[in-house]
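A short worksheet on the structure shown next.
Per-chain residue numbering starts at 1, and chain names A, B, C and D are given in the order in which the chains are listed.
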Amino acid sequence: MEEKGWEPRIVAFVCNWCTYAGADLAGTSRLEYRPEVRIIKLPCTGRIDPLFIIKAFEKGADGVLVSGCHPGDCHYTSGNYHARRRWIVFRELLKFAGIDLRRVHFSWVSASEALKWRDLINEVIETVRSAGPFEAYRRLNP
Amino acid sequence: MEIPYYPGCTLNTVARDFDLSTRRSLKRLGIELKELSQWNCCGAVFPLTPDNVMGLSAPARVLNRAEKEGDKVTTLCSFCYNVLKRTDYRLKRDREGLEIINDFNEGDYRGKVRVLHILEVLKELVGFKEVKEKVSRPLKGVKVAPYYGCMLLRPAEEVGIDDHESPTIFEDFLASLGCDVVTYPKRIDCCGAHMAMGREDMVSEMSGRILLSAHEGGAEMVVTSCPLCLYNLERSEAPLMKREPGFKAMPVLYFSQLLGLALGEDGDGLFSGKNLYDPRPLLRDKGLL
Amino acid sequence: MKVRIGKRPKGDLVDLIERISGEDPSLCYQCGNCTAGCPAAFAMDLPPHQVVRLLQIGQEDMLLSSRAMWVCVSCLQCYSRCPKGVDISKIMEALRQVTLRRGKDGIEVKGLPVDLLSQSPQQALVAGFRKLVS
Amino acid sequence: MARIGVFVCQCGNNIASTVDTQKVAEEMKKIPGVVYTQDYKFMCSAVGQELLKKVVKEHRLDGIVVAACSPHMHEKTFRKACEAAGLNPYRCEIANIREQCSWVHHDKTKKTGTLKSTDLTRMTIERLKKNKPLKTINIPLKKKALVIGGGIAGIQAALDIAESGYEVILVEKEPSIGGHMAQLSETFPTMDCSQCILTPKMVELSMHEKVRLLTYSEVEKVEGYIGNFRVQIRKKAKSVIEDLCTGCGECIEKCPFKADSEFEVMKGHKRKVIYVPFPQAVPNIPVIDREHCPKFLKDKCGICAKVCGPKAIDYSQQDEIITEEVGAIVVATGYDLMPVESFGEYGYGRIKDVVSGLYFERLASASGPTGGEIRRPSDGKVPETVVFIQCVGSRDPKRGVPYCSKICCMYSAKHTMLYKHKVHHGQAYVFYMDIRSGGKRYDEFVRRAIEEEGAVYLRGRVSSVYERDGKVIVEGADTLSGTQVEIEADMVVLATAIVPRKGAKELAQRLGISYDTYGFYNESHPKLRPVETNTAGIFLAGTCQGPMDIPDSVAQGSAAASKVISLFSREDLVREPILAEVDERVCNACWDCYYACPYSAIEQHPLKGRDGSIVRWVARVNEGACQGCGVCVAACRSKAIDLKGYTDEQVYAAINALV
């Protein structure tokens, strides 16, 4: 599949209140960023089940981004702490399973950080591109 | 009861009064001070730079010796107490440091020793009530000001034998002997310590404030548990008298000397007469000698 | 007097002092409690809180030329009362160590009176030599 | 098979310039279950909405996807239109192809935008297929409020709520309302007499027809959720029948026994055993302090009953448990002051003339024990030199608390003024670290103390305080001059740290609200939801939340009241149906969700057998409390809990549609 013109596919799991709104603001501000990202909106990063991420890889994602409110700003007060804690464990697990950590990203983007969102997406896509297509996973899950 | 005892350098030399009076008094209370079979100088100061554990090797050697001879060790001098206690505190919490020191000392200290100041022995192992009961010659009418200094109290979490701001262990002890205890604000201040070397002016100022404070509290004598404090306090009296005409010289002695007296020891064995200001006339006046 | 305050070069004296003493001067909020209770402050050209202050703003020369470190008696009153747990006695010790290691002493041993050496308790000499002489 | 309609909006040129909307619509037609697709110029316009309604009806659609702007813009609009067309609004989903596609990908060939829009719309369609119709939830609402704590904050909240016509119960644990403010002399920054401005409010509250005042009472148990709390209140026996007592005070006058007064902070200051805390107490009904009354200890005395004309004394009175149903709760339990006996160097408790700030308030108060004359406690002399020490226990991580108590800078300045007004030749000194006087006319106030009243401010802490010849010696530092200072004072006043009420944590646990490490109650958001807690329906007012002065406490009381009033102004509570739901067959009672939920919305529920015995426990979601964050869902390892509107199935459907 390593054909010419390969572009990575990224799935972004974002919370409704901060990052989703931040991504909207990037639009309202007419910023431009790489188009290879698909956003899935959830009420809170605390809602994110690590299995969502596994599933995304299984369905052809080459990289995953999770982003929510800054610490202390969570709309639900502490959901992002839960997410963060789960994330750390999950990352360890991925590392253990031999998955290239360049494929998984965690960030905080607030409703006002359109620029950060733009840079983040471009950066994540660059990083995932450097990791190449996620062939290994797809071979495991034909 | 036998308790391993670390005398330190001064107790067999300039502070013989302290050593003798303590041994005798404790014997009367059923405690035998058993001098460590081998010991070395503790170094007199606890090294304040945590980056260097080697400074702890001397006191660690003492602790190692003590561990072989019992589960506790007592000292009389506040300086020794402070150094041993802090060393022990550090080594108990710093495994790595302990290993280095043991390596260097060719020792095997495991941190199983409890370092006790003699006042703690009196409070915890004997009990001030017990002391009071054994007192045969209550020191009625003597106004005594206990002087703590720094080494028994600070740092509170490592050595503090009592509350570091409002300690009472010394007062409680003296009260059990029947003294009129004078509590005065400067009893926890520093006497000038090693400034004795070269900065007598500082010592005289610092010890002078302590003496003045005790004097204002109505004290007739000051007791201490440290040979250096005693030295500094005594030597600051003459200059103080010059500065403060109202101040009259008063004896400075070891608390154990009063303990011995109260327990009925005879005075000749307790006071060698080395004091700059001899306490005996005052005690005689009070009918205690 | 005006001092120059600038970015501290790495590995300079201030860092060294922090490393040797294990103390973090940035914790100090200059409340002055150390100075208030220091029994030796009367003899210091720089009171304890200013020693910490000068560390904070990286003034090595002023620190090293000060007599404060030599007259600090390590009584720990400053540490005992510091609300932020800064142990100035350790900072003073570090300053002494650095100076001693550079071969500069706090006292002239030759000038000490003989009867002091013979009459004073050993603690005074041992402590004094360890603190003040390289 | 589903019958889904898809509308792709052009948004004028906003979408259409980089997305081929027609192509997107056509692509969608290929998806199984999609029976209708169309692109249109302005979906949100009246015409667009009409179109949507018409299509829904004509094609008997059971679901709609609108590919248009962000759901934050028009989700509500389109859902409403669906509802009007008879379709469940939660069967309408939005694909965001404007903010997150056409506006951020500027490719004029439309290739990029069209591809991404197709993907996004497809994902939304698959998600929609798994959507269940949901119904908003209507929760009945009890329009009665409970206020806990009758300090100035609680009084203000209760009055505001009562004024808007709703019933209020105010529970105060002391025999009188008033709180700390009743103890103060004059108050910064205006220097008006505390009693003079407080007493009228206390009286107004007690007279208000909508207010039920329960003094000498405490909240014991709280159950339920927003709109429907059930509370149990213990009304302690006053030993005085309130309906009969006329407040004549005869009993107090004749009572021969005394106990320490809680109100007068001075050590050894006494009140009678039957007492009101202070003369202006509200209600003006005495209580018997049973711990000190010999009638209760050894059945002696009984004088009060004999002298009471209306026979209001009742020694056999029992505590009463009152159950009330309320829709909202305001917590206003106030603060305590840190006991400073632990600061040995300040001599508090040892030196008589070292007193606390609150003590000084009583000294300066016209209704205080000295009638407002500043006299020191040891010998009653007028002190000529007074030293005020700030930050005692505050900003002291080693032995006190690390935070700033916020009000003591101001009241210390006030104290110097009060002192100077009463002792003209006296000199006030203040030891401070920083002066924190942010606020309207606050810094001017402090400057006045210095410039006009001549208070001398010394920047530094005090290291020790001791007595000498009847003087109190204060040793400190003045860091500005770099020197040690010593002051021979006659009296020393300590500005001690503000700390949470004793028992604050226990009350929080009873209420199910959170608190910080010290025990101050947590607001929902420090900036944007300052008087709400994370438990819906429970609000905060005053110093139970953190140190603050009277103006702030009052502002908070009013803010909490307005939250209650706006809650009560609705018929009932309408909630979005985005709620967690437990599958009780699968739940294995591990309580992971219970601990994870930030809103304490999970309840531990017993499942009972036919004989009434508990068979097993399961988690159950309290719909009143759940905010729909979904933290519990991810926490549940048994997959027993799911979030309506964002179910696992829906999310997986969207992920599956990626390619």
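Simple rule for what comes next: a residue touches a chain if its C-beta (ideal position, glycine included) is under 8 Å from a C-beta of that chain, and two chains touch if they have at least 3 such contacts.
In this text, all values refer to a predicted model and were calculated from it rather than measured experimentally.
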{"item": "Chain pair, C-D or A-D, that carries the greater number of C-beta contacts", "value": "A-D"}
{"item": "Between subunit C and subunit D, centroid-to-centroid distance (C-alpha), Å", "value": "48"}
{"item": "Distance between chain centroids, defined by C-alpha means - subunit A, subunit C (Å)", "value": "53"}
{"item": "Centroid spacing, where centroids are CA-atom means, of subunit A and subunit D in whole angstrom", "value": "36"}
{"item": "Computed distance of Cα centres, subunit C from subunit B, in Å", "value": "26"}
{"item": "Touching two or more other chains - residues of subunit B", "value": "164-165"}
{"item": "Subunit D, residues touching no fewer than two other chains", "value": "345, 464"}
{"item": "Touching two or more other chains - residue numbers and ranges from subunit C", "value": "42, 77"}
{"item": "All pairs of touching chains, each written as two labels joined by a dash", "value": "A-D, B-C, B-D, C-D"}
{"item": "Touching residues (chain side subunit D, partner subunit B) in the complex", "value": "343-345, 350, 464, 466-469, 473"}
{"item": "Touching residues on subunit B, where the partner in the complex is subunit D", "value": "163-166, 185, 216"}
{"item": "Of all residues in subunit A, those that touch subunit D in their complex", "value": "9, 11, 20-21, 23-28, 30-33, 35, 38-44, 46-49, 52, 55-56, 59-61, 75-79, 82-83, 86, 118"}
{"item": "List of subunit C residues in touch with subunit B within their complex", "value": "19-22, 39-40, 42-43, 71, 73-77, 79-80, 87, 89-90, 92-94, 97, 107-108, 111-112, 116, 119-132"}
{"item": "Subunit D to subunit C touching residues, read off their complex", "value": "345, 391, 395-400, 433, 459-464, 475-479, 482-485"}
